[in-house]
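The structure appears right after this line, and notes come after that.
A, B, C, D, E and F are the chain letters, set down in written order, and residue numbers restart from 1 in every chain.
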Amino acid sequence: MSASVSVLLPPLAAGQVGDSALLERLPLMARDLLTAGLSEPWRWLANSLITIGAVIVIFASLFALLTLVERKVLGRVQNRPGPNRTGWGGILQPLADGIKMLTKEDIVPRSADRLLHFLAPVTLLALSVITFAVIPYGRHLVPVELDAAVLYFFAAGAATELAIFMAGWSSHNKYSLLAAMRALAQLISYELPLLLAFVPVIMLAGSLSTTAIVAAQGGWLWNFIPQWHVLTPPGFAGFVIFMVAALAESNRSPFDLPEAESELIAGHLTEYSGFKYALFFMAEYFGMCALSGMAVTLFLGGWQAPLPVLEFVPSYLWFAAKLLLVLLGFIWIRATFPRLRIDQLTRLAWKFLVPLALINLGTAAFWSLTHDWAGPMQLVRWGGVSLAPSSDVRRPRPGHQRGIAPRTYRYA
Amino acid sequence: MSPHPHAFLALFLAVAVVFPLILLSVARLWFRFFQPAKPSPLKQDTYECGVAPTGDSWIQFKAHYYLYAIMFLIFDVEVLFLLPFAVAFTGLSVGAWVAMLVFVFLLAEGLIWAWQRGHLEWK
Amino acid sequence: MGPHHPSTHGVFRMMVTLDGETVVKLKPVFGYLHRNHEKIGENTTYLASMPYTDRLDYFCSMTNNWAYALAVEQLAGLPVPERAEYLRVILAELTRLLNHTCLAGFLLQDTGASGTPLMYAFREREKILDLFESLSGSRMMCNYQRFGGCRIDATPEWLAAARQLVNGYNAFLDEYEELITGNEILMARTQNVGVLSPALAVNAGITGPMLRASGVDYDLRKVDGYGYYPRFEFRIPLGDHGDTYDRYMVRMLEMRESIGILRQALDRIPEGPVMDPKAKIRGFKPKPGEHYGRIEGPKGEIGFYLISDGTANPYRYRVRPPSLINLTILEDLCLGHTLADAVIILGSIDIVLGEVDR
Amino acid sequence: MLGSGLIQGLAVTAKNFVKSFHDPARLVTVEYPEQKTKLPENYRNFPFLVYDGDQAIDGLRCVACKICEAECPPQCIYIIPDRDEKGRPTKKPKVFDLDISVCMSCQICVEVCPFDAIKMDQHFEIATAERFNALLLHREDLAKSDAYFHTLHPTEAAQVDAVLAEAKRRTEAKARPAAPAAVPATPTAPAAPAAKPPEPPPPAV
Amino acid sequence: MTMSDATRPAINAQTSAPLSGPTDADRDELRRHGILLTSIQELANWGRSNSVWPLQFGLACCAIEMIAASMARFDIARFGSEVFRPSPRQADLLIVSGTVTKKMAPQVIRLWNQMPEPKYCIAMGACAISGGPFKQGYNVLKGIDRFIPVDVYIPGCPPRPEALLNGLIELQKNIRGRHIAGPAPVEADSPTAPGEYPVPAFGERDLEPTSNPKLWQPPVIVRPDKP
Amino acid sequence: METLAQIHERLAARFPAATLTLVPNPAPPAQASLLLDAAHAREIAVFLRDDPALRLDYCSNVTGVDWPEKEIVETTRSVQIDPAGGPPRTIEQKTKRLQPGCLEVVYHLYSMALKHGPVIIRLRTGNRSDQITLPSLTPVWRSCEFQEREIFDLFGIVFTDHPDLRRLLMWDEFTAHPMRKDYVEPDDYEWEPTPHDDVLAKAKAHYPAPAAKAE
């Protein structure tokens, strides 16, 4: 067991091109240079703090950027430019928002539970931040290497539900409470498909460690097709299920029921003002980033380059590119879809995603047991996995309660 | 040489808690020096669409709600048991295989049972 | 919920009793926008009420104008020139497009689509408003119709612009339907939600697209044949389920029919005056009597009931607002559904508080 | 198929996103303070008083007949006719107040005015922090030149000029039947070319 | 302000002026307090003025134009103000868009009270300013400024969306001229200003009281023709 | 569709105890109406709704009208044709009478099934102060529900058997009925740069100045 927060530079991997490797290790080298004069354990502490600080700063700026990008992309989709007057092209808009939030009065309702009301945003943000600890951002860039990294990630992620419920409960507001109940129901419903969706990945990779999972996706098929999990049938199904569940876990449209403004005002955030509200907002985006990061790690090959010729680009840039792509997908979906209803939401989770994930589990078992089949057997193998979803004979539909279908109309 | 990774995690958690606290204290400082908050009874009323709040909002949950939570707990734990199985998937003996199959079958059966009973419907 | 609530389309309040998330009791409370329209109407002249009718249903000022002008013209027995009648049909159908487009946008907004459908709807609305503005001088508060005709004649350029808009409108509807009508989430949210039976709809006096979504064929454009509607060919779409999806779809289909009417009207509009030369602007005093005149507004039957006592002010000035009466059955529709459904059911009823409260 | 509607929707939004970079029909925003939509000729916001010549107050066409005050639906006009030293009405308003915090821009005052003295302005950027005085327009604020009227509503102004010239010709013809008919200074055709640069008509005598 | 200025140029003269920050005199005054304070104040005002989040709150006809202002054609988002917050706790700006009836007035005031400082109010349209065309109505409040302080008035019925944007720009100028310490140029900013405004009660025939005399004192009207 | 006179006849035959009056309408479209007595209104309404020839299943518009007590001088003109063949003469008759005040409800009925209408029925209260009860027609037509509530609110007519008779538009504490002709607006016109002084004067004269407003 070794933490990558090691003092010494990791040795150069064999067969690596020199300058690319230099770029790869640049962040680590910079850090080590800074703390070179310190002695253990202070050096470890300093190194760790720098790592943590870098992660938080990078994701905080990503959060700022993301709010702007989201507003810009939404604007573009809706035929308007979006914020473009604050700073060049609106680039300073998040800063202005931040300053405003920081200087806004903080109201705590009289009847609220003051302690919980204060703790909820802090807890939520802390919990969403610590999920960043196990994501491998680059070849050598993982804050901490854990054997059970995936488990840790989802444990920390699942604890955010508590914070959301705290927020809703402590506000002492009907909408907040209703929203908190919804949030809890939604989060626990989707925790299950989320977990089940990546079990196939673990089966394929044979490890719970995120670095090992990324490493398992390295290499090329016929020298140009990456061996990412998403490109295997069970991995692809897992990816889709994972993304749906991730949308729900991060309270994004079309699953943004807890803060459905057409129904519940601002949901569990109704009574939050000033910077506490900003913290919630930040935590939500952090959660989204973390889940996207995990999706990239588990399914999209982590920091691996998509083509062998592109390997000269440092791995962390590939990770960033993939992360942004996934996040853009989140925004795109938000710009398009209406919201589900709570019962449809839970039904989708329990009656569609969970069975599908279970079937996918079987498919993955079949796929991974038959990985050495070749020739015509390969056809059998592909046929087997593509038939697997049809074993779900219920003709699954998200709202299949009473025949949802397009209709034709008559004229008088 | 380097401490246990859990020490790093502990440090990470500590920083993660301190981070929002720092931000909040900056906001607090602002109010301290520039714009003292003006709490007042009406301002601190619970928001209820602009009308005076009525009734207690800490209502009782339906019993169904707890059932739902328990169901989640059961399934979640079961799925967690799946993980070690998945890790060691390729090197399993036949006996372990059968055991796991039974386990997954139980999981599926539990789901079907809850489905039939209608516990999966959100009310 | 309400009166300040993001999705109550203004200042509307629903006292909702919930069991879990299910609505067990729902009492609408309104009057938050009660602006004493009728009282003001009784204290001013007939003409002075015309701009106030703009502000009844502030999406459909043109049809409100028309309904009021029609009621007064019938009360006083005034003729209307042919060109004015054509213009009225054109403007009324444009208003219908405007209203239904906005409704579709708002309904989708209520279901939680982050503004995109609403933005597209308003993109088209702006085009129609540009037409209204260049004709009548104001975007929303047109104040365009007069007793015995219309205030200003439409120029050929205006008619050409209108033709261009009408020709492009089908493309917009196609895009919109592609965006959202086939969306499974929308179907899941709206189908079988808020079912209104035809019998209840008739008894509760529901009118407009909401009535027709329940399968009752009753359209004043056909029944009363006011204006020059009998000269145009169009069909009345009917829904079979009476649920929220039908109410949405009937409006989408009505828009396509409106485009047909507009094409015919724009092709056939004759030359001529737009005001009856004998009509007076000032000092208009109809003879004593009473009359109830109604037209098919985009939201339903909008009528004006006027009692004249021979003076310059109406003795009784009453608006029959479709929105208010369509609201009657809100509770019936919402019972047994969730809070989220109540919101979109309200959205599909298509109310405008200016008209509900007056 | 399940999800086809969702995918169609995604395609529409993606199309709009991409087109917003090159298709002006998909980026309809008018960036307001810098760009402005061209207001149509008929656009109306608040009324103003037309004066002829270059004397803002003396040249007002308004004769303080109080018709608009009576007809104004929200009753936002207030007129006191001016009187000369002997107490005779001078057919000029001494006070002409218009409360634009009440005015509903309905244009009825314009329609009922027999003297074409009150017309609709198009100036709408009048947000103010001042409640009482800034929103009560006096005679001095309301008086705008005829040339200004011509720039706002060229077609209507040309019609008005034609009517006024005709009326003037008639009165002159009545007064001096032998004199040659005055040549109208402005085009008489109702559909005057809008592009014609507005020229101030000769001051009304 | 500019409206009563008889020499006001005819059109578009005052509109496209660059957005001005605090005047030089203000800056001098601040320099006495210290350069740090000045820059903090400017930063805060810059942030606040560029991130005015309105309350998602519509009353009547003007609300539609307010929505239109946030739509693609006018796009209030360019000013960073498209984030219409449904909860007053997160909103900075109350756009009173439309007729405030007496039945609605207490709710509006309550919402205003529940917004955190600093907060701004725009009275959009004739009805919000004075009751407008419906002024003669028995149920219509004759101007929201009788109960809550209004920063910017936008006359019009309804004002064009551009007029709302113009009002927003005016408000941004106003915000940039505010002080975070020292004498407050805007009464509502001063530490002595009340944190809340009393909510009137429903009376038998009218609101009680009908206005907030501490906030609203109309000037005396002098009419030349009447004693 | 039958004319209103035919309907009147049929109703009179069917409900002999009921007092039915035909109210003429001099306006050009001549939408005459039928005045029913309160005691039989409900039965007649049910009959009108269910009669197969009429099937007035749709009650479109319900409204109140306030007729304050007033002395009217009526000038009736009648055209008399000169039997001698000369030009017709117009005879003017002046009558003076005290018309008792009442509150009136007008219902506009249509048929959606048969697509005809309107048939207008009216109900009148005994006076404007204490006999202001009328039967509610909401059990017959649901569409009357809100409109009758509105009339209750604005005119003060009390409808018996209405399922939910509360104020609709004004707040519950409000006591007056503002659509009545003798209603006086509250005196809150403190700032009126353009003249509404008459309204203010009327209100000030009507309401004594409350102590709080004296300063």
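Convention: a residue touches a chain if its C-beta (ideal position, glycine included) is under 8 Å from a C-beta of that chain, and two chains touch if they have at least 3 such contacts.
These figures come from a predicted structure and were not determined experimentally.
Distances between chain centres, each the mean of the C-alpha atoms, put B farthest from chain D. Ranking all chains by how far their C-alpha centres lie from the centre of chain A, first place goes to F.
This structure's chain pair with the greatest number of C-beta contacts is A-B. Work out the mean CA point of chain C and of chain D, and you get 30 Å between them. Separating the centre of chain C from that of chain E, both taken as means of CA atoms, is a distance of 32 Å.
Averaged Cα coordinates give chain B a centre that lies 64 Å from the centre of chain D. Each of residues 2, 6, 9, 12-13, 28-29, 31, 73, 75, 99, 102, 104-105, 132 in chain D touches at least two other chains. In chain F, the residues touching two or more other chains are 169-171, 178, 183, 191, 193, 195-196. Contacts with at least two other chains are made by residues 3-6, 21, 31, 34, 36, 39, 51-52, 55, 116, 119, 123, 126, 141, 179-187, 357 of chain C. Every residue of chain D that touches chain C in the complex is listed here, in rising order: 2-6, 8-9, 11-13, 28, 40-44, 67, 71-73, 104-108, 111-112, 120. For chain C in complex with chain E, the residues that touch the partner chain are 3-6, 10-11, 31-37, 39-40, 43, 51-52, 55, 58-59, 118-119, 122-123, 125-126, 139-141, 353-354, 357. In the complex of the two chains, the chain C residues touching chain F come out as 27, 30-31, 34, 36, 38-39, 74-77, 200, 202-207, 216, 218, 223, 286-292, 294, 301, 303, 305, 307-308, 315-316, 318, 320, 324-325, 327-329, 357. Listed in rising order, the residues of chain C touching chain D in the complex are 44-45, 47-52, 55, 116, 123, 126, 130, 133-138, 141, 143, 151-152, 175, 178-187, 281-282. Taken together, the chain E residues at the contact with chain B in this complex read 40, 44, 87-89, 107-108, 110-111, 113-114, 116-118, 180-181, 189, 191, 193-196, 199.
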